[in-house]
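Down below are the structures I want you to see.
Presented sequentially are two complexes of subunit A, the first with subunit B as partner and the second with subunit C.
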Partner chain A sequence: MWRKMLDQLIRRTIGAVLTLGVVIAATFFATRLSGNAADYLLPPGMDAQSKQAMIVQMGLDQPVLVQFWHYLQGLVTGDMGISLYERRPVADIYAERLPNTVMLFIYALVIAIVVGLPLGLVAALNRGKAIGSAIMGIAFIGYATPNFVLAIIMILVFSFNLHWLPSSGSMTPLHFLMPAIVLAAPMLAEIVRFTRNAMLDVLGQDYLRTARAKGLPEHVVVGKHALRNASIPIVTILGLQVAGMVARVVIVESVFATKGIGDLVVYAAIGRDYPVLQFGVVLIALIVVISSLVVDYAYALLDPRVKVAAS
Partner chain B sequence: MVQNLLSIENLSISFGRGDKARRVVEDLSFSIAPGECVAVVGESGSGKSVTAFSVLGLTGFNGGRIETGAINFTRRNGQVVDLAKADEKTLRAIRGDEIAMVFQEPMTALNPVFTVGEQISEVLRQHRGMDRQAADAKALELITRVRITDPARRFKQYPHELSGGMRQRVVIAMALACSPRLLIADEPTTALDVTIQAQVLDLMRELSREDGMALLFITHDMGVVAEMADRVVVMRKGVRVEEQAVGPLFAAPNHVYTRRLLDAVPRLGAMAGSTGPAPFGTDPAACQGKQPSSEALLEVKNLSTWFPIHKGVLKRHVGDVRAVDDVSFTIGRGETLSLVGESGSGKSTTGRSILRLANPHAGQVLLEGRDVLKLDQQAMRAVRRDMQIVFQDPYAALDPRLDAFEQIVEPLVIHNIDKGSALRDRAIELVRRVGLEDEHLERYPHEFSGGQRQRLCIARAISLSPKLIIADESVSALDVSIQAQVVNLLMELQQELGLSYLFISHDMGVVERISHRVAVMQHGKIVEIGSRAQIFEAPGQDYTRQLIAAVPVADPSRRVAPKLPAFA
Partner chain C sequence: MIKTLLSALAMTTVLVSAASAQSLTVGVQNLPPWLDPGKDFGNQGSQIYFSTFDPLILKDYSQPGANFISGLATAWEQTSPTEMVLTLRDGVKFHNGDTMTADDVVFSFERILNDMTPEFAGIHRQFFDNFASVEKVDDTTVKVTTKKPEPLFEILLNTSEASIVPRNYIAGLSGDTNAVEQSDFDAFMMAPVGTGPYAISSFQPGETLVWSRFGDYWGDVAPMETVTLRRIPELATRVTALANGEVDLITNVPPDQLQTISSNPALKVEGAVTPLFHVIFFNTENPKLANPKMRQALAYAIDRNLLNEALWGSQAKVPGAHTFEQFGDLYMGADAQTYRYDPELAKQLLAEAGYDGSPIRFDTDPVYYTNGLLAAQAIQEMWAAVGVNTNINVTTKWTGPDEDMEVRNWSNPMYFADPAGSFGVMWSPKGSGSEMTWPTDQAYADLWDKFRYSTDVAVRKEAYGEIMDYVAEQMPVLALYQPYESYGMRQGVNWKPLPGHIPYVLDFRAGSISID
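Moving on, here comes the complex of A and B:
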């Protein structure tokens, strides 16, 4: 049985690596299709000769496939290239930025799960009552409010009026609180909704009747028998939400001026800084692929039936 | 006089509120003495399961409400509690400890994400305050006691890794964990094969005798009642219509409804001496139907359907499940061939292979001489008019978003046979033919009862005037009395339309009624095939004899002492 599970996970991992390869190739060629970086980066009045020299120096004179080959070699050996704009190694730039984004992600995930799961549970157990409806109403608002609107309202309230929290920057953990809440909001709403639906689905199952017929107290019936089953679809939604969070982090980091990879990638795209942009996209793809792999592994751990379904 | 263990007095239960409130149990009274087995019998909707749940104090969780009445239960310490009014804490202490329950659906009664060992051990930790180690040891003992082989390995397995019969044993082990004084069994064998049913019934009877445990047995099957019960309460539409000791009830039922339930029970051997099929409620000897022609409609030759098993990262092909293995038989025009065997014997796959709903990998299926397996898509579509199927679960086989009219005429539309008002006329003719009424055409599947739904499926199947109908466990999910009506309908249609049936079933009682010939399947092969009389009166194989012996005999005087084969 463990053998089967291992087989399945190996297959998944191979699939993930292939996906990543496709993303790397697609980003590389797509950035090349969007125009010549030299035209954008070099000052307009530059003479043809020095312009050509710069192009050669940046390696942009070589055929695209050769450039791709060099790029792949670089990726494998850990050389991500030099930023065309900042003239320093891409790896160094990301080393500075990545911790901020990772921090933001972890904060947001923790907030979404720690708040969302219990709220969803309470909503399920109080279906049709005022408290259940109130929770679902708030969740809906959280889901429907655009990120930047929520961000601006929070800045207005907590920074300008109340002076509780800093409005921008990434110097102290406190700086991360508001961006993390904004980043977490849609995910939290989704977790509430999914937890509620998953619980309602599970609460109607025969095996809960069995659990009650055994004389188990209600907190064991719900907290053990129901929650363990409901957690299976919730984990799935978590994996999807991480991908959504990657997309939202770009906006959130811009609004709060958090020096993370989200806003780095945006500026790299606008400035056609190929090496920075490429690595940014690959990194984001890596985060998404890894989170869905983690979901697959978690799935296999939570649901004993998954191992067999693989055969 | 001994004090009653359980006495239900004037119990009424409702579902829903306000205008929508429905009484499902009305002024019900009966009692159970310590160690006694009382069967509550009735069809779906009679309120028997609702009654069972009320004894566990679970009515509220099901959305119901006890209106009036008392459920007095004598606890181990001699104290009498009214379960209808007891608080949740008292009920919790009684549930699983003094009163335990075995459910109808072993497939869904167990939690899929915990090992079976854990699910048994949990009860002991709850009620006996045992630590994990002691509880696990006792749970292992219980698994052994319900005769599951290789208990140590099973202990660590999850429900989906066990067969239906084994799961039901696990549920029984769970129920017995604290040696309850009363065991409630709600249709515990309805979802099981006959042979497994016989084993589970034997097991329950013996265990209840060993522990001096009383049984409240909920069932619609009179055969099971005759095997198990000391006393019988017959319920209909929430009301008790009769209560008697089992012997007198079977010998001389007081109520006409009881009589009807008893008549509907297939009695094995009732057909001895007659050649053709005979509808329920008729005398087989007097029944002179048309004889099937000797000309073959369907010839199945060396049919094999294997399912490949893949393993490893590269999904290498390492072997096959031989679901159907070199099967050959013929069916004549107007003839019924029954295919019997346990779950997993390959009967359904055989039926599906004939229709090419499964992919046979070798053999021939000749319909009027033409090999169906070799036809291209277009020719196959034309042939599908001649071969139809009726499935086991009529609810799942009907599209919930189409009304009855659309369900019935869909085949006619697909095959471009009728249009416009001709469709309506044909649909009316068909619903009338299967015993439904014109206004039923406007209804949706959820508005029908189980038996009516199956009639609808039959109407759909005969709409194209097929020559062959494959009935795959078509009556297994129906109540006994409804089952008899639907089987009779199938027989009438055969007489009128000259239909041939491949009747797939695990129910030997029904098979004896409907068949001209019978084929017995085991492990994908036909182990025995012959006329109905041959198979039932002089079976040549042990396996066939086992199948026949496992059928509950609807006669309490012929009850035999339990024989307990170990479960493999």
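Moving on, here comes the complex of A and C:
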């Protein structure tokens, strides 16, 4: 059984590496196709001679394939290159930015799970009642509202009018509250929906009737027997939502001026800062690939049948 | 319970954003990616350099004219048309504690004049092309020598590009601590040190810059204990941060947001016409626009006063020529006729040029220039009124050097207060605009040299008039207006942009700002 799982792990890892390889190549050439960095990075008043010298210094005078070769060499040796805009190592820039995005992700995940799971449970246990419908209605609105709209509404209400929360920056934990809520909203809504549906599925099963018949108290029936079995689709949704969160963080960080990698990637794209943009896209791809791997293995832990199937 | 939680949060916020009379937080649209006054003439860096560094010669910035006062030099004398001798101020300290010496002054110019990096080379060509050498005479005296007679000694030595930086500190930043290497300049960009009233105590590119009062400043000490610049790129977020008390001052407020700010009793708006032109320029090498009459027609067809009224609430300034009030004696006044509106003449010129109705492509960035796209759309209508078809090509790409470029918008800032420092940087024979779209002949080069290097103001003024006549005839570039640059701030912050500066300078020196 373990051998089979190891095989699967190797196969998945190879798949993940191939995916990353495609992303790396696609990003490299797509950024080059989108325009010449020198047209964006250098002041428009710069004379042609200095401009040419800068292009040579940045290595942009070389054929694209040669640039790609140097880039790959750098990747292999762990050298992510020098930002064309900030003129310092890309790794340094990401090291400054990454903690903010990670913090935002953790906040958002915690909010989505801590709020979403109980709401989903309540909605399932109160199916057909007003409270159940109200929760589902709110979840639907949370899912359907574009994040930039929600962000602006929250800024208007809590910063502009009520002056309760800071609107921008990443100086204190409080600065992360609104962006984390906006980032969490669609995931939260998904968790509510899926928890409710999964619970409704499970609640109708025979083994729950058995558990009740055994005389187990209701909270053990729901908490242990039902929720554990309902958790598999919920974990799937979490995995998918991490990918969605990566996409949303780009917008959320821009609106709230959170100094994370989303904000960085946006401005690298606008300014054609190739090395920063490339590393950002590869990093995001890496996060998505790893999170789906983690979901696969979480299945195995949660569902004995997956293990059985593997053996 | 939620109410209690929220009010607890609210109290924390108040604590976080509390500003005192000694500290100031500024929400800026942009922060520069790196800092070195000798390498940089961009709009982002110009916000920073003046409060951090000193040049040898300062001036009274409260007025547009050139009233020079002593900076790091206490006296200066032009000993010949090509030579100036300066006496250095004693006991000036850099932010790192080093004392400024004549060697630092020589070094600050040598790195530019010796083209130590491509950026220094660029500043060399654009600002100090005429400088032959800067030499130490003795410990407190330096001599600047130029190749040709130099009418702009003081103006050039007043630029932030001519700021003095510490040689030994830079040499010690990396590698051999006694020698100046390329890597030292790279390190300096992240940890810049000057002699100005504020030292940079923290700098995270694209994020924050913190200025601390420099206690050993040679002049009047800085009025603020700390100034924090926070980059907030989104306009709505910047305005909200101001309304929410998170910042005290914000930059880059477009005209349509002024009402939002000024209608809030806790806030106010300050602004000024900035010494920068929004321009449109023509690719004279594109067959469609090769005939000067075609370009003249397009220029005559634009009602710039109407643009000003509609887009800027008449707060911008429409010029008669490529000329700024800051030029002092060389200012051509509001009556200059290089640029004017004459749609009838435009129609006539179009007929003479044999315009066949084929559409003209007008390139514009969607957001880079305030009102840039709106102006392009208005111009499209104005050209339609004289019978010209226009396709607006909205692109983030800088199409200036493209062969198929026809017309596009751009900005021409005043880098220093002389036509050579604004028109010249772009449109002199070797200017960056001329290089792209307007190859010129020897006669123009001779005329330019006569203007640039004559030491007689009257001769220079006349020559620049001739240059403008030539521009009117050739029409490579049309100055639309000087935009009105606005800042939002809370009541109690006494600050406004001063007319003696180049665009975007955040001048927080003594006398320039106070907080009630």
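The criterion applied here is as follows: the second predicted complex is superposed on the first by the 297 of 311 C-alpha atoms of A that agree within 3 Å, B and C clash if a C-alpha of one lies under 4 Å from a C-alpha of the other, contacts with A are read in each partner's own complex, and residues count from 1 in each chain.
Just so it is clear, a contact is a pair of C-beta atoms (placed from the backbone, for glycine too) under 8 Å apart; a residue touches a chain by one contact, two chains touch by 3 or more.
Just so it is clear, the model here is predicted, and its values are computed rather than measured.
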item: Room on subunit A for both subunit B and subunit C (clash or fit); value: fit
item: Following superposition on chain A: angle at subunit A, subunit B versus subunit C, Cα, nearest 10°; value: 160
item: Partner chain(s) touched by A:280 [first = subunit B, second = subunit C, both, neither]; value: neither
item: Subunit A: partner with more touched residues, subunit B or subunit C; value: C
item: First, second, both or neither for A:229, with subunit B first and subunit C second; value: first
item: Subunit B versus subunit C - smallest C-alpha distance in the overlay, whole Å; value: 34
item: Set intersection of subunit A contacts, subunit C complex versus subunit B complex; value: none
item: Subunit A partner contacts - residues on subunit C that touch it in the complex; value: 6, 9-10, 12-13, 16-17, 27, 33-34, 41-43, 117-119, 121-122, 125-126, 186, 189-190, 204-207, 230-234, 236-238, 240-241, 243-246, 396-398, 400-401, 410-411, 413, 415, 425-426, 430-432, 435-436
item: Residue ranges of subunit A touching subunit B (in the complex, touch as defined); value: 4, 7, 10-11, 14, 205-207, 209-217, 220, 225, 228-229, 232, 302-305, 308, 311
item: Interfacial residue positions of subunit B with respect to subunit A in the complex; value: 56, 58, 61-62, 91-97, 100-101, 103, 105, 108-114, 122-123, 126-127, 158, 160-161, 171, 174, 309-313
item: List of subunit A residues in touch with subunit C within their complex; value: 35, 39-40, 43-51, 53-54, 56-57, 83, 85-88, 93, 96, 152, 155-156, 159-160, 162-169, 171-172, 174, 177, 254-257, 259, 264, 267, 270
